[in-house]
Amino acid sequence: MKELINEKGLRIDGRKVDELRPLRIEVGVLKNADGSSYIEMGKNKIVVAVYGPKEVHPKHQALPDRSILRCRYHMAPFSVDVRKPPQPSRREIEISKVIREALEPALILEEYPRTAIDVYLEVLQADGGSRCAGITASAVALADAGISMRDMVAACAAGKVSGQVVLDLNDVEDKEGEADMPLAIMPNLNQVTLLQLDGKLTSEEFERAFEMAVKACRVIYEAQRKALIDKYFGKAEVGEE
Amino acid sequence: MKELINEKGLRIDGRKVDELRPLRIEVGVLKNADGSSYIEMGKNKIVVAVYGPKEVHPKHQALPDRSILRCRYHMAPFSVDVRKPPQPSRREIEISKVIREALEPALILEEYPRTAIDVYLEVLQADGGSRCAGITASAVALADAGISMRDMVAACAAGKVSGQVVLDLNDVEDKEGEADMPLAIMPNLNQVTLLQLDGKLTSEEFERAFEMAVKACRVIYEAQRKALIDKYFGKAEVGEE
Amino acid sequence: MKELINEKGLRIDGRKVDELRPLRIEVGVLKNADGSSYIEMGKNKIVVAVYGPKEVHPKHQALPDRSILRCRYHMAPFSVDVRKPPQPSRREIEISKVIREALEPALILEEYPRTAIDVYLEVLQADGGSRCAGITASAVALADAGISMRDMVAACAAGKVSGQVVLDLNDVEDKEGEADMPLAIMPNLNQVTLLQLDGKLTSEEFERAFEMAVKACRVIYEAQRKALIDKYFGKAEVGEE
Amino acid sequence: MSAVKKSIVVEQLRKTQMIELLSKEKRLDNRGLMDFRPITIETGIIEKANGSARVQVGNTQVIAGVKIELGEPFPDTPDKGLLVVNTEVLPLASAYAEPGPPDEDAIELARVVDRGVRESYMIDLSKLVLIPGRKVCVVFIDVNVLNIDGNLFDASSYATIASIITSKMPKFYVDENGQIRQSEEITPLPINGIPISITMARIGETLIVDPTSEEEAVMDARVTFVVDEDGNLCAGQKGQPGTLSFDQVKLATEIARTKAKEIREIIKKEVMKNAKG
Amino acid sequence: MSAVKKSIVVEQLRKTQMIELLSKEKRLDNRGLMDFRPITIETGIIEKANGSARVQVGNTQVIAGVKIELGEPFPDTPDKGLLVVNTEVLPLASAYAEPGPPDEDAIELARVVDRGVRESYMIDLSKLVLIPGRKVCVVFIDVNVLNIDGNLFDASSYATIASIITSKMPKFYVDENGQIRQSEEITPLPINGIPISITMARIGETLIVDPTSEEEAVMDARVTFVVDEDGNLCAGQKGQPGTLSFDQVKLATEIARTKAKEIREIIKKEVMKNAKG
Amino acid sequence: MSAVKKSIVVEQLRKTQMIELLSKEKRLDNRGLMDFRPITIETGIIEKANGSARVQVGNTQVIAGVKIELGEPFPDTPDKGLLVVNTEVLPLASAYAEPGPPDEDAIELARVVDRGVRESYMIDLSKLVLIPGRKVCVVFIDVNVLNIDGNLFDASSYATIASIITSKMPKFYVDENGQIRQSEEITPLPINGIPISITMARIGETLIVDPTSEEEAVMDARVTFVVDEDGNLCAGQKGQPGTLSFDQVKLATEIARTKAKEIREIIKKEVMKNAKG
């Protein structure tokens, strides 16, 4: 196995074990969508559009007491090393499902009975951790669309690489490392909305990774807030730049 | 061509030309289904579930004067020598159709207007003659579901192997023999509900095969009755064990 | 590149540059269709059926103020040199669309609100210019179905082969020539209803090809009229044979 | 009375009338119970195909085309060419036909036509092998149904056999470098004999041959037998959710054997006529 | 009150009752919160498969079959055999299951079962290579769900591991001409250990193991952990649009580790019993 | 008056107003009839692609990515690389776009973009051959439409050509053993010139360039011409169920030739700007 952490404790992209990749969030990037956002997290580049609340077709799928949330995580053919055919793969279908289940607890869907809310994620470039970056961006796009929310949702993976617990794995670390654990939380309510694990962790490693990811989610949450404030109140006014 | 009948007149599995394979029928093997059955006929292993009569979706497909019967014959990927992809093949679609047409004459569908009755056959292992075993099991499952019936339906193939007319062809005989003729009858009404022929038979051979298959269907019918009686009245009481 | 025009100015099938291939149109060739036609244009052999105006399913697709026109251009598997699988290709889907848009301007769809008109083209043999021959035949079939029309639609391609502008390209000229430009017009209203261009033409060549194709469409229009008159008034009566 | 209920009554009425007529051995189009409608066959109509035929049985119209290409044999039959029969009931063919992938009726049609050709050993597939286990000829037969007026099974089958009989193909051979080449020489497909499909409908207690759409709408059961040149049955298929008595099955096999001879002559004559024309 | 509104009320009522029951550490079927239903396993039931198992967890019933075939490795793992897990929730399995391609629930099920086997390195895929980069064994595992009464994740996982453990395959080798041959010798799959999937449901603030369909209908969240023989977590999946508190996550990992040992013994005993039987 | 009837009236009203405005040579967004909206182009935005470009034409936004892989040539063009253009109108792009396979509009879009690149011989495909008849480069161009505000044809075409112009690929070569290798050296795609697509809408009797969604909603016909560097027309497509008079066709070709020069300069400048930035 390739050595993914050097003698100085630095990772192949120069990060420390508990360091996030560079993060950039923009709000309102698509004119037609009711809400939208763009995220870069390392080389991940994802654009998200939210449409809704809107009428449901066919009507019998509507619920009398709340809105239905639908998510579509999709990778552009050019987003990965080997061209990916445009049809949704099994992996994309599973990720669409867990993203929906990660966002739904934060939304007050009861406010919009008989409607649907569509969240479309397009991964323009994928670099490990695209589902987490996608959840982070989706929560921002939902807020941009004015959907009532109980809390934000922020997501980040932790895992194990070359025997060490590390934060926010990139593509190479995800593929060649020992474990990857994507996590999403509601940062104020302190609830886990997404948790997956691929690979082996001891009990202690799991706890360490979990704590590291929770802490990172809180940092990401601040970036989400800032992006929304920048859009709605202007950068200068809130003086956060 | 391989010799499929030896000098003693015995077939590759030791049977005589007019001998059925070992037959075993169980009733009520699935909890959720309205009726169900399991059959072993040689190495054929098939489970059948019946759901219905039930509402039809979409509604415009319902018939005002009777129930619609729907059948799905499906082979598990591991049921045959070379793994079969799970999507229905053209062969499975044709067999689903002829099974439906073999069962329908026995059902009093007029008793259940505006409903549907679904018969699902899952072939866990196929060994020649799976459509006949499937029909036999389906008729039992329909009875178990309490659907009104004019008669039972019992099915068995006859055919030609190494120049001789034989009963109930197994996998090898089906593939390497000269002809296979699946037959289903209503044993009390003396009506043919399924008849197919693959391969060459002279006029005399056809008649001989037909008679042999009809006779076998009557034996199978007794096994169907016994399985139902065993379930509904207990084994001891009817003293047929 | 193969020389496609010889020193006498004749093309590989012996035609002059501005000469149409032999054309034959029959009306009413299918009993069940509301209107039908058969065309041979060179080795193109196409049969067209029109069904409608008829009810629309599902109903919500119907328009309150006019009929919807639907077209399906489809090639038989044996219609081309290498067998074509029966599923519609992207090419067939595009051609179906441009054929529909080429026919629609000629139809008085407002006369048939809440209905649909289906035009089915089956290419039995393709030989270059099949979309033009298909449009020509479809217009005749629509007239045969009694659909109200503003004008006929006649179609023919022009293009460039071995440096010269030529009319009505055959298969080889289409594939090995420099440009192909299918054109459809309404001959009395002098309006273009289909125009496509594949390949390079200078400004002058484009005008020359356009004029050549328009002129040919007028000839084809006469053949369309004759075919309809022959059917509805008999050959002898109009004395056009 | 609702429209649907009325149509059920109308249908039953029509069936009663048809049964009465049949009991007098008459049919709506004045045919006898054992009469086919006129059969016309044109062959060689698709120059780009190896073989082709348009068949009309009354108003039922189908076109079959044969394309012969090179391919790999199945692992379990390395010494046999391949036969692939596909049928498309085109949306042109009736107001009820829809575009889309073949439904169960079209799949059954294709498989019964295929069975007739395959089980009668009409084409000698063992002569279509170039390199055993690696390269064989694939005979694609595509049947397009253009107009439906009943008895698609027989019409499709006749179009298929007429297009096979009249197929021509280049002679393929393997050169000294193991490459497949095709010679200038044109050869027919290796044919063993002509299987004839005869389809019968049971309406009430009467069997008739070559049912029209109108007759199929009220039939109780359908049964097809394919008969080879020696009078052997080589394929069979009962269809529709009705039954046949044991005697009716026997009768159907006898009718099939009798009519097959007659139809085989008609088809041979029609194909021959084309060859000359 | 409309039918739909009523059913929402009924559902909430049922949930309230269940939460009350759970608060007394009771369940509808009288199990304790940490009790599994009876698990029965039959192996070797499909003679044509390399391995097979029927597993029942209460009324949930699944069958898994292993087929081992030859294929090409992925370009980026030339020195590893392939593992393909597919699950089909058959229409037999409940009144709500529909025929058709796997929906997102069935796909999630297949991928979580796959992850448990793959990430625990249960099968030593490096021992399934015949010619690196060119020929490897492909282990297909197909899981058919026959009857649904909750906890498909664990039942499917147990059927999968039982069919893997009991699989038998011919020994393949490469002969002097580079051709793949199979010897008479029969060998098991190379196994590293048995990963055990433990699925829990959160209903109200209570975690329970092995939920039934009735419990799943009212659960807030579902969480699955797969534990290997050394007590490592090797796969995990939270499901359903509910949440887990940080403490509940920790608790769930502890429950998983404890129950996994117990279930591993049950499975070993069941598989062994079959081997003797 | 029903909602539907009303909306037809509204639509006609809007069209009447638009025609009146156009008769004064004005447009809703104050552009002249022959003016494009601002065009911005960013290239090199997807590091994992060989080439990429995000193009905005007003509020219409598309991204194109080029991936170059190895593949087999078509049998009838053994000495040419392959070009595959695919467009996806993503559900992000408008409230009316649906997920699913490309519909006829998206297929037409892809085919017209493809035709412009292919028929202008923009990429010299003959230079993408490694082993004639066996191994060639396949140039995949995927166009993702992110936001729709009219004129997808031109926006998609500009994104395609910008991503082609800026593509970089490793140099492939065949080593002494006949294996394909790639050198460290990076090379651009072999480019012959830049074809420019100009799309016009006819509304009433007026032709305009670069229509917005609002203008497309009322247009009678659409026509696109692609013009190469020498002023040749190299692809054309009339769309929509309206017509063009003979004079309008001629006028459209003239407009296309004039505007193509102007747009080509804008695109070159934008691409250059990126190269420096």
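For reference, chains read A, B, C, D, E and F in written order, and residue numbers begin at 1 within each chain.
The rule is short, and it goes like this: a residue touches a chain if its C-beta (ideal position, glycine included) is under 8 Å from a C-beta of that chain, and two chains touch if they have at least 3 such contacts.
Keep in mind it's a predicted model, so treat the numbers as computed, not measured.
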Chain C and chain B - chains in contact with each: D
Selected from B-D, B-E or A-E, interface repeating C-D by over half of its contact pairs: B-E
Furthest chain, CA centroid comparison against chain F: B
Chain at maximum distance from chain D, centres defined as averaged CA atoms: A
Between chain D and chain F, centroid-to-centroid distance (C-alpha), Å: 48
CA centroid of chain A to CA centroid of chain B, Å: 52
Between chain F and chain A, distance of the C-alpha-averaged centres to the nearest whole Å: 32
Intercentroid distance (Cα basis), chain E paired with chain C, Å: 58
Residues within chain A bordering two or more other chains: none
Category of the chain touch graph - line, ring, star, complete, other: ring
Ring path (origin chain A; first step to chain F): A, F, C, D, B, E
Contact footprint of chain E on chain A as seen in their complex: 64-65, 69, 90-91, 93-94, 96-98, 100-101, 104-105, 179, 181, 186, 189-203, 206-207, 210, 214
In the complex, chain F residues that touch chain A: 45-49, 52, 59, 61, 63, 65-67, 69, 86, 88, 90-95, 99, 101, 140, 142, 144, 146-149
Sites on chain F touched by chain C in the complex: 2, 4-5, 8, 104-105, 107-108, 110-111, 115, 119-120, 223, 225, 228, 231-246, 248-250, 253, 257
Contact footprint of chain D on chain C as seen in their complex: 30-33, 36, 43, 45, 47-49, 51, 54, 72, 74, 76-83, 86-87, 118, 120, 122, 124-126
